[in-house]
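Shared chain: subunit A. Partners: subunit B in the first complex, subunit C in the second.
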Partner chain A sequence: MTNNNYVEAKPKKKLKKLGILSTPYLVWNFFLIIIPSLILIVMAFTTYDFSSNSEFKISLSNWSYVFGSSYAKTVFWPAMGRSFLISFLVTVICFLFAYPTAYFMRFLNNKVRGIIMLLLVLPLWSNQVLRIVSWKTIFEIIGLNESGFYQFNIVIAMISMYLPYMILPIYSVLEKIDDKVIEASYDLGANKFETFFKVTFPLSISGIISGIIMVFLPSLTQFEVSDAISDRTIVMLGNLIYKRFKGTGGFNVGSVFSLITIIFTVMGFILVMRVDKEGETLI
Partner chain B sequence: MGKILLELKNICKSFGDQEVLHDFNLYIMENEFVTLLGPSGCGKSTLLRMIGGFDSPTSGDIIFDGQLINSVEPNKRQINTVFQRYALFPHLNVYDNVAFGLKLKKLSKEEIDKEVLRALKLVQMSDYAYRKIDTLSGGQMQRVAMARAIVLKPRLLLLDEPLAALDRKLRQDLQYELKEMQRELGITFLYVTHDQEEALTMSDTIVVMNEGRILQIGSPVMIYNEPSTRFVANFIGESNIIDGVVPQDFKVRFENALFDTTYQGFSRGEEVDVVIRPEDLLIIPKDNAKITGVIDSKVFKGDLFEINVIVKSGKEYTIHTTKNYELGLEVGLDIDKENITLMKKPGLNTFTGVIEDDYFVRVNDEMRFECLEDDTEDFSEGSKVIVKVLTENVLLEGDVDDADFEGVIKNIKKRDMYYDVYINVGGVVIVASTSNPNHKVGQTVGIWVKPEKLVLLEEDNSLDTSTIEALND
Partner chain C sequence: MKTNKAFTTLFTIILILSFTLIYLPVLVIFLMSFTKSYSLTTLGFSSGLTLKWYASLFTKDYSALDILYRYSSNIRTLKNAIFNTFAITLLSTSIATILGTMFSIGINALSKKKRTMMLTLNNMPIVTPDIVTGFLLLLVFVVLETIFGLKRGFPTVLIAHIFFSIPYVVLSVLPRLSQIDPNTYEAARDLGCSRMGALIKAIIPSILTGIISGAMFAFTMSIDDFVITMFVSGTRFHNVSTWIDNGWRRGYIPKTVYAYNVIIFLIAFIIILVNRSIQSKNRKVKL
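Presenting the complex of A and B:
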């Protein structure tokens, strides 16, 4: 009996020991994700903003300001619309570039694929702001740095920024497709075209959705690209948030914006989890 | 049977400089169940891929129903494959997997439904039509893969080790089902396996392969009882293989005893391999026995005992018997004459040559073999050696440029499944055994021997049986 207990107790003990190792991360997580989220919720639904000695009163006034006032008509909805439009364009174009690239990479030998992989990841190792500023300079050199081209320029810069995040998850599902399954399709009478649309493409959908989420969501909330490229003349959702939290006084409305983006993020996450249960397409 | 469905002519296949299939010739009759049997890496799966259309031969013809199909796309062939590890479509359910090929044929919904349900019924999977693939067991997936292929009514069905991933009991059940199904459907089966039991159970014809060549073609009974080479005898179940001498027709001498056989036609005094299956060796009282020995070990195998007897010469014999004998008991051994198989010793070329440098040995002005540095390091440059190579390891090449050297065919003799081709190379004759019947006397052929197949001996070491064994290993 005692022997039995010992055997059962052992794995639990081991788990506990290992659990200690993750404590630093959990503490970090608690202070920098959980607590701030709670603060955001409090600020979004009250008049208290933590930066000044304002009155603590539960209220929906922040929400009605964002959605209901003239501010909504002149600033919020246009910024929101612009954000969605630009993010949509960036995502679609990224997908159109990424899928053929990922598909092509599947057939390369390891050496060539390694080089392409490196070229894809290399830019991610350099500072993002630096890359944005470089784009600005490029547009200047080729004469596109005019206000009429700003939206176009933003889209271009963002595509270059987010393309790897579309290619990598798609490639990772394509790579996992068993060659024999493709051969089975040919064997059963399908030509290359039919095989692609009936087998390869359906089997890569989980990667596509991961890619879309990983490009669309960050695009929606970015502010650095639009700020730098358009000299702060083009306002997107990310810029609104940035403006509210820069300095003091706008925290309550900023919290509302932030919660809106958090809702999109959670929705995206749920979608990915549904198509990709092991999370293998997420990087 | 009667009509030839598939013909393979002079098929060669190389990946880089590695030759996987060498001059492969085979034909398959309609409604036949043919099994390609061989160890992994013998080229059997490559051959299947070429017939399926997923690979093309380096040279040679694949003829299906009288048509050359070398460059026909896989989706245009009336051939379907049951893949190793099934290769089912993970995004489709059982029904849609089976319907895949039918939908491409643009059949009506009712027809598709009828055919799919019939196929599922045949493989006993009717109750699983709407199950997802990842909820099926290995045996069930195998059945779905089978249904998916036969639903298209192929002329020829290729099966690439379809049972390899299943456990023993299930494998045996499915063997009988597959054979039954083949008979019922009247489809020609080309089955690939490395499992000799599977091959013996199901096939009409077995093709034993090794290193990209056919060693023997025959019915399971023939292959089992009369293996043509030592490799086949060993590969097809356990065997006792003993060196013997044929003193006259219908006799063989081994272990210092004379036995009756059913064989004639060996030359007087010819050395042969005597093959005896473990279940054919009989344990008898030691008095009056021609061979006596001591029981050295005993293993119970469930339905029989595997007993090892060490005889006077020191050789160990493996015997299968249902009776339990005591260890250490002295016993006699006997064999019925029908159960003694005699095999010709493999053909052997022997030359005298001179070591040229680390990599070459020269026999005469034209004949020069490439050899391994490991083999030449025992000899100094210019020293005389004896070069031995089995006739089956002498490879013939239509393209003279690819060969080590060339010669003119002066004679061709048929031997079992082989043709012994005698080739004159600058006055020295080398013999090559090949399964290719298309060589002609007077033709110039390229000749090459893989360096690792060459055996170099000091000049005074004459041939004894142990060198033949070394060559065989």
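Presenting the complex of A and C:
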């Protein structure tokens, strides 16, 4: 080990000159991630929103509006509850569909596997908004386009949209598991179930976590599905943000909603980075 | 043996169900693009079959195609949106691929600590929900508008698309880079290449497959983007996604866009198929 390191040390050092190529990326991300995040925080805690008549005054009024007023009781908390319930259901059902599908694909021969992979990425080329609109058509045709079914319909449409994002990362980690590892488990006397629960499943955890995050966060913040499927009657977290940005002078409260979303995003992000530092399961 | 068979059956059923769920809307779009009816609440087979939606993509004379007059201005704006989509996607994919490759070469040469920091920044936009990314970029552009008077539209959408495409290019190129011998660059320099020449002649060819798959990723994300585009595009600029959104909110979507969608789908199918067969041929040659 030490020997190897010694041999590699020299060229690596010289290579460092190339490191300068990444500096513009740091600047780029500074202006497009760090700066706007700071503006967002400032806007959440002040009354300034870039409009000409707004004052720069530090206040908690945005927060008390979201959490403390009658708005909280009638709009915010119900929307949060609904968003969490729906995205929880979508994530769980996606997982129940995705894991067996990915597992099954892992053991198919190369050619069939290639075709299934192709079929999995192809729908992403069909416009997402048009797919949502055609789910509305499907529910109309099968007679489920009634307000009583809206929440159910939203769940179905979201599963259809996000299922590939759960299957792909799980499949990519399952694919990397060496056949020899599984054979070794059998040779050591484990049966199929033991091999699955003690070898295959633990080795696929990083893919599962990426999949869960990649499905849960987008469904939590979806607004197009709920708007289209429910004719704008069902309000979710995403709809709250959308309305603030479409309406006039809503940036401050919108920033509060965004900050709440960012907190969940950071939690999910830390989780992903812990199991997958290089982000291999993200693409 | 018996449980084995039961499991295979169960897994096959789940696989079929998964694909049914994913493909049902795609199928509906396909069918609806061939029916005469304007209605979006039925498949419209009772109204008869037609190719007029496809024809309307390639002509300007909508009355000759028997398309209701009130839809013709929508079809015109759709064509505009299609043009925008391709302009944005082609430009942003090319720029993001070049920048992303350059950044990856840089990141690969960094020390472990800096590398982790850069990768954290890189992966953040991928995990962050589009609505938050869109809102953050909107804030940047609002500042730029206040200070420099930069109006939202084509340039802001282009910057946004480059922004969310680069991370995918980096994630595709980096694994390739870490596979190549770190001496390659130095060897090329010793053999008389300039810095630029060493990069282009020695490094780029060995990471080309990563660059191509990164570009494919960037293209796929950009051509279908909706949420981020909607946030940063202002009110006048539309790509196909924001055009459809705008259309259903007003209750008008000419099925021309269904025809467009089917054509794009088929083109993608052919491109991916050709790409795969080239790759498998290459593999055979190497073996």
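Heads up, the rule we're going with is that the second predicted complex is superposed on the first by the 247 of 283 C-alpha atoms of A that agree within 3 Å, B and C clash if a C-alpha of one lies under 4 Å from a C-alpha of the other, contacts with A are read in each partner's own complex, and residues count from 1 in each chain.
One rule holds for everything that comes next: a contact is a pair of C-beta atoms (placed from the backbone, for glycine too) under 8 Å apart; a residue touches a chain by one contact, two chains touch by 3 or more.
All values reported here derive from a predicted model rather than from experimental measurement.
Participant: For A:202, select first, second, both or neither according to whether it touches subunit B, subunit C, the two together, or no partner.
Facilitator: First partner only.
Participant: Classify the contacts of A:87 with the two partner chains as first (subunit B alone), second (subunit C alone), both, or neither.
Facilitator: Neither partner.
Participant: Is it subunit B or subunit C that touches the larger share of residues in subunit A?
Facilitator: Of the two chains, more subunit A residues are contacted by C.
Participant: What is the contact status of A:181 with respect to subunit B (first) and subunit C (second): first, second, both, or neither?
Facilitator: The answer is first: A:181 touches subunit B but not subunit C.
Participant: Have a look at where A:191 lands relative to subunit B and subunit C in the superposition and call it first, second, both or neither.
Facilitator: first
Participant: Do subunit B and subunit C land on any of the same subunit A residues, and which?
Facilitator: none
Participant: Quick check on the complex: what are the subunit A residues that touch subunit B?
Facilitator: 178, 180-181, 183-191, 194, 198-199, 202-203
Participant: For subunit C, which residues are in contact with subunit A within the complex?
Facilitator: Contact set of subunit C toward subunit A: 4, 10-12, 14-15, 17-19, 21-26, 28-29, 32, 40-43, 99, 102-103, 105-111, 114, 116, 118-132, 135-140, 142-143, 146, 159, 163, 166, 168, 171-172, 174-175, 182-183, 185-186, 217, 220, 223-224, 226-227, 231, 240-241, 244-245, 248, 253, 257-258, 261, 264-265, 268-269, 272-273, 276, 280.
Participant: Residue numbers of subunit B touching subunit A in their complex, please.
Facilitator: Checking each residue of subunit B against subunit A gives 52-54, 73-75, 79-81, 83-85, 87-91, 100-101, 104-105, 148-149, 152.
Participant: What residues on subunit A touch subunit C, complex-wise?
Facilitator: Listed in rising order, the residues of subunit A that touch subunit C are 8, 11-12, 14-26, 28-29, 31-33, 35-37, 39-40, 43, 50, 97-98, 100-101, 103-105, 114, 116, 118-138, 140-141, 145, 156, 159-160, 163-164, 167, 192, 213-214, 217-218, 220-221, 223-224, 228, 238, 241-242, 245, 254-255, 258, 261-262, 265, 268-269, 272-273, 277-280, 282-283.
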